[in-house]
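One chain, chain A, appears in both complexes that follow, with chain B as partner in the first and chain C in the second.
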Partner chain A sequence: MRRFSWFNATSLTLGFAFLYMPMIILVIYSFNASKLVTVWGGFSTRWYGTLIRNEAFLDAAWVTLQVGVVSSTVATILGTMAAQVMVRAGRFPGRTLFSGMIYAPLVMPEVITGLSLLLLFIGIGLDRGIFTIILAHTTFSMCYVSVVVSSRLVAFDRALEEAALDLGCTHFEAFRLVTLPIIAPAVISGWLLAFTLSLDDLVIASFTAGPSATTLPMKIWSSVRLGVSPEINALSTLMIAVVTIGVVTASLLSKRASIRRQQEEREAFQVTP
Partner chain B sequence: MAQPKPQTVFAPWTDPDAKPLIRFRNVTKRFGDFTAIDDLTLDIYEKEFFALLGPSGCGKTTMMRMLAGFESITEGTIELAGQDIAPVPPNKRAVNMMFQSYALFPHLSVWDNIAFGLRREGMEKDRMNTRVEEMLRLTRLERFAKRKPHQISGGQRQRVALARSLAKAPKLLLLDEPLGALDAKLRQDTQFELMDIQEKTGTTFVIVTHDQEEAMTVASRVAVMDEGRLMQVDTPAEIYEQPATTYVADFIGDVNLMKGNADPKEGFVLLDWAPNQPQIKAETSKNFAAGQELHYAIRPEKIAITAEKPAEAPNALQGKVLDIAYLGNISTYHVELPGGQIVKAQTANTRRLANRGFTWEDEVWLSWTATAGVLLES
Partner chain C sequence: MRRFALIAIPYAWLLALFLVPFLIVLKISLSDITLAIPPYEPTLDLSAGWEGLKTFFSGLDFENFTFLTTDDLYWKAYLSSLRIGAISTLITLCVGYPIAYGMAQSAPEWRPTLLMLVILPFWTSFLIRVYSWMGILSTEGVLNQFLLWTGLISEPLTILNTPTAVYIGIVYTYLPFMILPIYSALEKLDISLLEAAEDLGCSRLKAFWLVTIPLSRPGIIAGCFLVFIPAIGEFVIPSLLGGSRTLMIGKVLWEEFFNNRDWPVASAVAIILLLILIVPIILFQRNEQKQREAEG
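Up next is the complex of A and B:
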């Protein structure tokens, strides 16, 4: 046991307070009975009630979900393909340029990405709506997926693919039957990352959305400009809850998988050949 | 060291009518400016256990990867059963490979690993089951069929890799340093197991190794390679007893090399190799010019070590014991001659330690017959 020390306790409290105080206040005020956001009027869940009757918010949530699922799925497919090519193709002229170009959107300011996409959509006469948001989100989250997947592919034993070819697979079969199942954890975390990015995004969506489609962050942002309502607090609390549940579930799943693996290894060593 | 198999006279390479399974014809492979394989011609016959032996970077792995289809051929042709294999992709070749890292699929059980190639072939279920069971029996893995690769030991993994590559009954099996990851004891057992399996299945095996003892043990013929060229292709016994070059003599086993000038006589050569030392007498059927520079190679175990000068020895040298390497079954004596040259002599320790004669600084005589060593042109 480490000894209790005032210094450690203070650093811990300050650190956590810095990180979580704003969110705690937000959660507390979401249960405020008063209509005034900064005045405590007793405990109530009425704002959650009005929230689920608010069509505009529900529509926005539905759009956000659709955009998130579709764009992260497409981004995962494209990003994995890009990673596979970058890691496997070996040296070819322009390789550095290519890989640089894949990773560039990672450091590009969102405003610029959004603006350029907007100009492109106007230029080719594409009507802005949910489809353009999906395209935009796919574009910027694809590079994140490709970074995650290529870091896994670099550590991947090339001989496994050669073994699959040697045993009669075509290149595509080797990828589907051997490479993909093995890199699946990286592909899934790439998808989750893309999905989270899409849920969070405000700037790019604002540039590429049309009047027909509004995402949840856009809706919150525009409502807040008219004044913070207790309803927004309730919505934000729900979003925090969803994210928390997601993170906790993911970590529990990975912990259980590692425990199971350890157990299997123990069993394997107990049996003498 | 392995003995040549006495009962079977398996030597298709001596038969001019025998059709080789694999023909390398003037094969060259370049990676950029680097030449990995340099104008190499080689025949390998059916049912052979053929070893490619050489230091790392000698091109042996490249040769194997060209056979498997993972490397293209820069110049020349490789034929498998009479057909040029250059246009055939790896998944269409009747060649399977056992990888150095084993490359077992970690997400599949032992059973599914072995069945993998058969499934790709579209083999029907009953036949596939029978075939996989057969392979499991052959490699003694029945009990581990349900396990994943990370749940079995290194030796078992090695056997799974072997079973998987044999399952499709290839014409040719390539083994890339198959025993490199095993410890010494397991390795010896596995060598004999490999030979046994090779005999049972009648498959042609080509093994790549840098371990000369392994090559000598398992192979019917050994190709010694260096810098993309074949130095010598022969049976293990021939390579050991009749090395073609000083490189081969030095690479395989332990050897004393003496450089000198030839003094040819009728049926033998006298070699002037050091001032103030008697000439070495070596019987030979080859003709050498007078004064030609030659190397004389003699294995340490062919040299006898005695306290007194032997009466009838064609070659006898006197020296002082400088070092003794005691290996249990044998001892190697490093004997220093008056001129400073060091000659290694080996004796089997047939008696226990207390009864043996020589120790450091002892004056001893080294002697050997006229047929014990070989003369090599420089």
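Up next is the complex of A and C:
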């Protein structure tokens, strides 16, 4: 349907202005020379300088990166397995409980997930630190991964897998050579989603971190509680820049890949007489 | 054997790190606070055998839940969370629908770009998006400076640390969750239905009300639940933007745990919060299932 009107143009302009204005203002103020965050004191990059010299932020960023990479990788493996179970395993005892445990963390308030995991870690006497944050992040991200991967598995033609088995593949080979390449886009977006969720999480990390580990959101949190800070503006700008470049590149790459695939398909049809 | 391992590994993980922790919360919500480590009793002592189990269960009671009903802080916080959740869901719908509508009616070659622009904020840090409003809404903030400059107001407005700032924060951060399901419902809308309505004498506005709105209803319902459910348990937004006067249950739970160190009461607060959320969650699942059946 296409009925372009002034009403639509206005609502889109205002809507996107609302979505982007706060971030644009944040980026502009990160280049403010003044220490007073609300007064414009001329252009300067001094806050980026103080930011990279701030060891506490660098340490927190390193912790966050470690947690993000490890937890999203484990979550992708477990989530893909869970998706296979949900779509392929058929009936087994406790299936309802299983799918309930996959969907519940998606709607569970973060404060409850965090509290319950903390009580578990204390209950079994596990020292809190990077390891416990990784366990916590893996648990909720694997549910997101399994939802993303299942939607791709549902649309997947099972005959391809059966053909591979008939031709002498083992189950694992059939998965690695046939299923995995086809569901790969979903697995990759599942990993990216898990990674982003992990980088973003404040509440669950605060509950499960303990005194020995601080993630970047926890560090940001403790400084913004006291009010707006120019260093955090600079840090936010860097994070927004990384995400924007990443998302734009990913979408351009996937667009190019789909154009190439269409071209190849066309050529393939032309070859067949 | 292969099938067993495939099922058992994720199953065991979820049992150990989702179900068991949840049962622990349930158990602690029935315990009493003590000055010990861990700060609650009774603790389960399996070495004491059957007798130990019996004293364990007799030590559990609903005292914390009774406490929640006697102190009006808690039910006020629950009610306030529900009210803030409902009002901000309604505002998000009013802001999000026109955007989704505009996207669905734009030229097809524009749609992927517009869609990316809606999703992009989702990939940027939630905390930073909430934080960005602190600098805008404060008394000396960008918004007040702008309004003073235009002459619309003569005194700066107090918005930060009021419920208004919480509404703005929720609408802003959850807007993509409202736009996306409504957009996907509107995109599938067959334009010939609208033309038919107009041919039969409907005005454009009436056709919109009688055709477009009902056909986008699954998207509206999904969007509203996707905003309402997480908004109820929200912690970051009321803490950064709401100040001490805005009461929300997620914040109460946090403070009960970290500031008062009352684990049993914090657990009881969590259990009640879950009980409140169960109804909207079930309704949301129903809506999703109905839509899946309608499509497949």
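What we mean here is this: the second predicted complex is superposed on the first by the 257 of 273 C-alpha atoms of A that agree within 3 Å, B and C clash if a C-alpha of one lies under 4 Å from a C-alpha of the other, contacts with A are read in each partner's own complex, and residues count from 1 in each chain.
The rule is simple: contacts are C-beta pairs under 8 Å (C-beta built on N, C-alpha and C of every residue); 3 or more make two chains touch, one makes a residue touch a chain.
Keep in mind that what you see is a predicted model, and the values were worked out from it rather than measured.
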item	value
Superposition on chain A - do chain B and chain C clash or fit	fit
Touched partner set for A:P181, first chain B, second chain C, both or neither	first
Angle, in degrees and to the nearest 10, that opens at chain A between the C-alpha centres of chain B and chain C	100
Which superposed partner A:Q263 touches (first chain B, second chain C, both, neither)	neither
Which of chain B and chain C A:S34 touches, first, second, both or neither	neither
Chain B versus chain C as contact partner of A:G15, first or second or both or neither	second
Of chain B and chain C, the chain that contacts the larger number of chain A residues	C
Chain B versus chain C as contact partner of A:G227, first or second or both or neither	second
Chain B versus chain C as contact partner of A:C169, first or second or both or neither	first
Touched partner set for A:V107, first chain B, second chain C, both or neither	second
Three-chain overlay, closest Cα atoms of chain B and chain C, distance in Å	13
Shared contact residues on chain A - chain B and chain C	none
Residue numbers on chain A that touch chain C, as the complex places them	1-5, 7-9, 11-12, 15-16, 18-20, 22-23, 25-26, 29, 37-38, 78-79, 81-82, 84-85, 89, 92, 94, 97-98, 101-105, 107-112, 115-117, 119-120, 122-123, 135-136, 138-139, 142, 146, 171-172, 196, 199-200, 202-203, 207, 217, 220-221, 224-225, 227-228, 232-233, 236, 239-240, 243-244, 246-248, 251, 255
Contact footprint of chain A on chain B as seen in their complex	68-70, 89-92, 95-97, 99-101, 103, 105-107, 116-117, 120-121, 147-148, 150-153, 155-156, 164-165, 168
Residue numbers on chain C that touch chain A, as the complex places them	2-3, 6-7, 9-11, 13-15, 17-22, 24-25, 28, 38, 95-96, 98-99, 101-108, 112, 114, 116-121, 123-129, 131-136, 138, 140-142, 145, 172, 175-176, 189-191, 194, 229-230, 232-236, 239-240, 250, 253-254, 257, 263, 266-267, 270, 273-274, 277, 281, 284-285
Residue ranges of chain A touching chain B (in the complex, touch as defined)	157, 159-160, 162-170, 173, 177-178, 181-182, 264-265, 267-268, 273
